[in-house]
Amino acid sequence: MLKVAICGASGYAGAELLRILSGHHGVRVVSVTSERSAGKSPVEIFPHLSSYGSLLFEPLEPATLLEKADFFFMALPHKASQPAVALLHREGRKVVDLSADFRIKDPAVYEQWYNVPHEQRDTLKKAVYGLPELHRAKIKKTNLAANPGCYPTGAILGIYPALKNGIASAEGIIVDSKSGTSGAGRQSDMKFSFCEVNEGFKAYSVGVHRHTPEIEQELSSIAKKEVTINFTPHLLPVNRGILTTIYLKTTRKLSTESAISLYEKAYRDESFVRVLAHDSLPNINAVKGTNRCDIGLRFDARTGTLIVITAIDNLVKGAAGQAVQNMNLMMGFPEETALSTLATFP
Amino acid sequence: MLKVAICGASGYAGAELLRILSGHHGVRVVSVTSERSAGKSPVEIFPHLSSYGSLLFEPLEPATLLEKADFFFMALPHKASQPAVALLHREGRKVVDLSADFRIKDPAVYEQWYNVPHEQRDTLKKAVYGLPELHRAKIKKTNLAANPGCYPTGAILGIYPALKNGIASAEGIIVDSKSGTSGAGRQSDMKFSFCEVNEGFKAYSVGVHRHTPEIEQELSSIAKKEVTINFTPHLLPVNRGILTTIYLKTTRKLSTESAISLYEKAYRDESFVRVLAHDSLPNINAVKGTNRCDIGLRFDARTGTLIVITAIDNLVKGAAGQAVQNMNLMMGFPEETALSTLATFP
Amino acid sequence: MLKVAICGASGYAGAELLRILSGHHGVRVVSVTSERSAGKSPVEIFPHLSSYGSLLFEPLEPATLLEKADFFFMALPHKASQPAVALLHREGRKVVDLSADFRIKDPAVYEQWYNVPHEQRDTLKKAVYGLPELHRAKIKKTNLAANPGCYPTGAILGIYPALKNGIASAEGIIVDSKSGTSGAGRQSDMKFSFCEVNEGFKAYSVGVHRHTPEIEQELSSIAKKEVTINFTPHLLPVNRGILTTIYLKTTRKLSTESAISLYEKAYRDESFVRVLAHDSLPNINAVKGTNRCDIGLRFDARTGTLIVITAIDNLVKGAAGQAVQNMNLMMGFPEETALSTLATFP
Amino acid sequence: MLKVAICGASGYAGAELLRILSGHHGVRVVSVTSERSAGKSPVEIFPHLSSYGSLLFEPLEPATLLEKADFFFMALPHKASQPAVALLHREGRKVVDLSADFRIKDPAVYEQWYNVPHEQRDTLKKAVYGLPELHRAKIKKTNLAANPGCYPTGAILGIYPALKNGIASAEGIIVDSKSGTSGAGRQSDMKFSFCEVNEGFKAYSVGVHRHTPEIEQELSSIAKKEVTINFTPHLLPVNRGILTTIYLKTTRKLSTESAISLYEKAYRDESFVRVLAHDSLPNINAVKGTNRCDIGLRFDARTGTLIVITAIDNLVKGAAGQAVQNMNLMMGFPEETALSTLATFP
């Protein structure tokens, strides 16, 4: 049994890790940390985590943790994650970091978008971007996976096959995303109070959202040239789910069918990507609670545009589920372990 | 591997059976029937059932089914269930019937509330009311479990310990229930269209809901006298969940603590009932997708009333999950098999 | 033009007063106070209040206000309202107070439920409970109307005709209420964040909610004897609306029709109460944004219980709308002024 | 008093016309037609229309209607509207048609997208596209206004100033729209049942939605060249509101501030368009129930893209409100009559 610790476990991503790991027969959660909830059990904070009555949140003390666990999920705020992850990594522990601190390869880009210095550049060099569909081989060998952001997961998976195969231009890519409110985290902010969100819908952080450079980094790597995108996030009055609508200028004559074939081929060995047939389109309610990314495609011959639509659960494939997928790869568990339950619909 | 058939599988209860059984390692679903969806696969109707691509809905033909399966979940409309269940039962198959047809012991009461004759009275006599917390021993030995209605499950579990132990009067019981919209089934009715339900809330079938005699039957059996209740269902703008608020006149001086103790004792061996501590109250969002019933209690000394509040997922403990729990008991599987995943919250 | 000030105007009740008064041709809002939003305009805090760009929130300074306005809506927290209202009242200004401070006639009861002393007992004696359907004559003559709580409005209007006419017993009254989330006010509290409320439903403050003594005071006055009730509030995942389900033990043989007749008669001169016919029941979505209370009735002959269901908009008839109705009465405007727009449905 | 008839009044747009016109002091609704609801009153179908108890729906008989009313709102399905509108127009009645039948100037384009012939081409020539912000002068003089579609209203108002002033290219325009569910109309279709829509989100009719040619027609007219766009509608789990996110390639260096200035100038005389300041972005919850279009702008210097975001209420500015605005213009009422109530938020 692998001994696992979750640091920063009293947010939604932490709770989701606990939910998913309760179904993983190869691991035991030995420690959960939270400053604000120290001394309480997960079930006191999250009544749905009914099987976690005996564990208690404790304050984060890396030295103590080192003795307790062999594998670490870090769900701390960005910046705070830097020293904690670097310490664990130096001490030879395996880590999946859910913060943004080790995702951006270029520290200058990180510092520009996050407005804080990057002080763990050696550790940063060792980190692998934890999107298994693109970097599985490296993830299997790393000790430190930087778990992707929720928006980047849906965006990159939607663009990858088209860009890789050269059917879409790297210029003028538009990513229009709509996220459920749990993406904002578990917090008491008037902006996310029920009455403000319910029956509302809006865009936010237009052109300045911090997930932009993360998407651009991966697309640039695929296209082998610098890619700049438009990225517009919106806030949906639902608990979970991100739908991302992507507009790609095509470089040659296509059809919806041929685009679907190409995507099916690209993802045919993937357990957690489903390319939908011509008569259907993704809905976030079909992936809720699952680690799956659903992809729908339409070629608009009138404008020469390929429209790609992806749906993920922001807390699962967009956070905790992908983190467990990365752990499975890093530890040699079957990749689907604890990740094959179906969505609860409706 | 137990070969299982689900008849009437294209509704929400049927889909939920498929979802739950996908995690049951002792059974294989060999047949799903649906008249309206014949020829299609479950995944075409329910995109979230991603692992059910190869199975096809077929029209219900009992003779054919008899050959295929050893265990039957019947999710047909009431009345239609009567002959189908009777046939399977005569032929020695094990059946959990999710309709109302075999729940009411007294056919005259059934006929009065459902306005149709009961034509399978012999089979009715053999049926066991499938609420494991009350009738586990009988369920283990029966070939035919009549799976309780969703409202009765939440109501009876909330009243049982108080009535059984004589701390509450059998007179003047009030059951005020609020159900998510999936309780109305999967149907195209303007009353249940999004715009009519969303941001709305109302009572319906006040004093005349068909679950009333079912609740009264079980309470009468517990109280060993005829019990008549007030039952008012309401329609909640959520997908899943029933919260039931019960008002019981107490027969002696109580405290909230002593009531909690009594309920904890009554349910201490139950896997799927959780009695909450004094500082908390049930919320439907903590049981969503699970087979659990959460119970909260408050004694109001000013009025001598015990208020019991229960929360279940109407599609799980209120339908498909309880059906699988019954199957586990009838077939000798551990009772929790396929029923121990945690709720997806938020 | 009557010069009006609104104190504590940056909450939902304050915003609703601004919305309603924008359609009132006899008044001009000359001042709005808010500590937390001082210096901003209402439209900055509430983008929907598009016509309020020139007014600015200012800190509450009673001496200054006295000069500016002739009529005051006070929407301060309880306790804070006591001295402010008393001062305005002493200075001869007319006031509708939306807090709880002047609703409870007996200061000892107030102090017991609110846990703060009542230090303005002289002013309290002058206050009239501002429920026009019960106290219209007194409201017309008062300088200080204590605007009822949202739950009491729906509860009292639902019980009044039955109790007044003696068809219901004053014993064993049960009031089971379900309120939209705006009832909790505009605040940044995790409990009311979107993800906690959406797809959830729960009871709270069972047996201890502060609106209980307010309901009991008015019912006792109607029944001419001390009335004690069970009151259970619940939190609905909708923005607005309270549905209240009331269980009354009847004192004589009734029918649903006769109960409807009696209620119609009791309210036949009321502009803001609608008694529904036998084939329909109230829904909060039909009163949203309006000052109306819809009432539905069912007599359950099996149990001798009259079930009364009322629907109001908690921010309108339950707060700001009723406050304007009271102002209209106190100032001699037609009672319906600014209150006759229809609900926006869906 | 202008005598008004509403044909096809039992849908959401018809109900919204009744709601708005109840506050219009210059008109009287003398007739409402509906085949499915004939013989009932609006309040029976729509309990929120509490002031419409005496009017009764009647079947549509143009000859009878001609005698009754002087002004007609036609809310019939497309195709059915053609002969009815043509007859009324021939007889000299004034008409606002809410269907799509008289919006598209080129009958060949209409026939291609709607798959039905256009058989009233003479009448079509007389129709004016009823978007007052673009065609006010013509609307004032016409007898037949073709009320714009909901999506086109939000899209065209968002693009007009940029295209008109040449700061945006007419090439590569992307319109990504998200609509509340009332946009689908009042109908009993499983696709729009509560459980399918709630907690879901999806795109639909990607690249093939019938509002596309309507948007293109108006943009082509502004740009004085043929414009082809990408238009992707999505279904939001809210009752009302359309948020449209528009991506425009700019033709010169801009700033967000300069774009805002240009839009403010373009709309400075408009009562129903609000251009938001730099620190805010539109939210559908601020326009709910109103005839206003809110517009927010961001220039993304990294990609040379102007992002325009518009919010309207699909049933008001997107349907019934704009229809009343057109009537006001056609009849010489002040344009804002009955359209100046504020949104009900939350």
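A, B, C and D label the chains in the order they appear, each numbered from 1.
As a working rule, a contact is a pair of C-beta atoms (placed from the backbone, for glycine too) under 8 Å apart; a residue touches a chain by one contact, two chains touch by 3 or more.
Quick caveat: nothing in here was measured; it's all calculated off a predicted structure.
Superimpose the Cα trace of chain B on the Cα trace of chain C, which carries the same sequence, then give the rotation angle to the nearest 5°.
180
Averaging over Cα atoms per chain, report the distance between chain B and chain C in Å.
Whole-Å distance between the two chain centres: 39.
Please report how many Å separate the Cα centroid of chain A from that of chain B, as a whole number.
37
Could you grab the centroid distance between chain A and chain C? Build each centroid from C-alpha atoms only and quote it in angstrom.
46
Scan chain D for residues touching two or more other chains and write them down.
12, 182, 195-196, 198-199, 237-240, 283, 285, 288, 346
Taking chains as nodes and touches as edges, what kind of graph is this: line, ring, star, complete or other?
Graph shape here is complete: every pair of chains touches.
Tell me, which parts of chain A touch chain D in their complex?
Result: residues 172, 174, 176, 178, 195-196, 198-204, 206-207, 228-230, 232, 234, 236-241, 243, 245, 247, 249, 281-285, 288, 296, 298, 300, 302-303, 305, 307, 309, 311, 346 of chain A touch chain D.
Using the touch definition up top, name the residues of chain C that touch chain A in the complex.
12, 181-182, 186-190, 192-199, 237-239
Taking the touch rule as given, give the residues of chain A at its contact with chain B in the complex, in rising order.
The contact residues of chain A facing chain B are 12, 15, 18-19, 22-23, 46-51, 182, 199, 239-240, 274, 280, 283, 285-290, 292, 294, 340-346.
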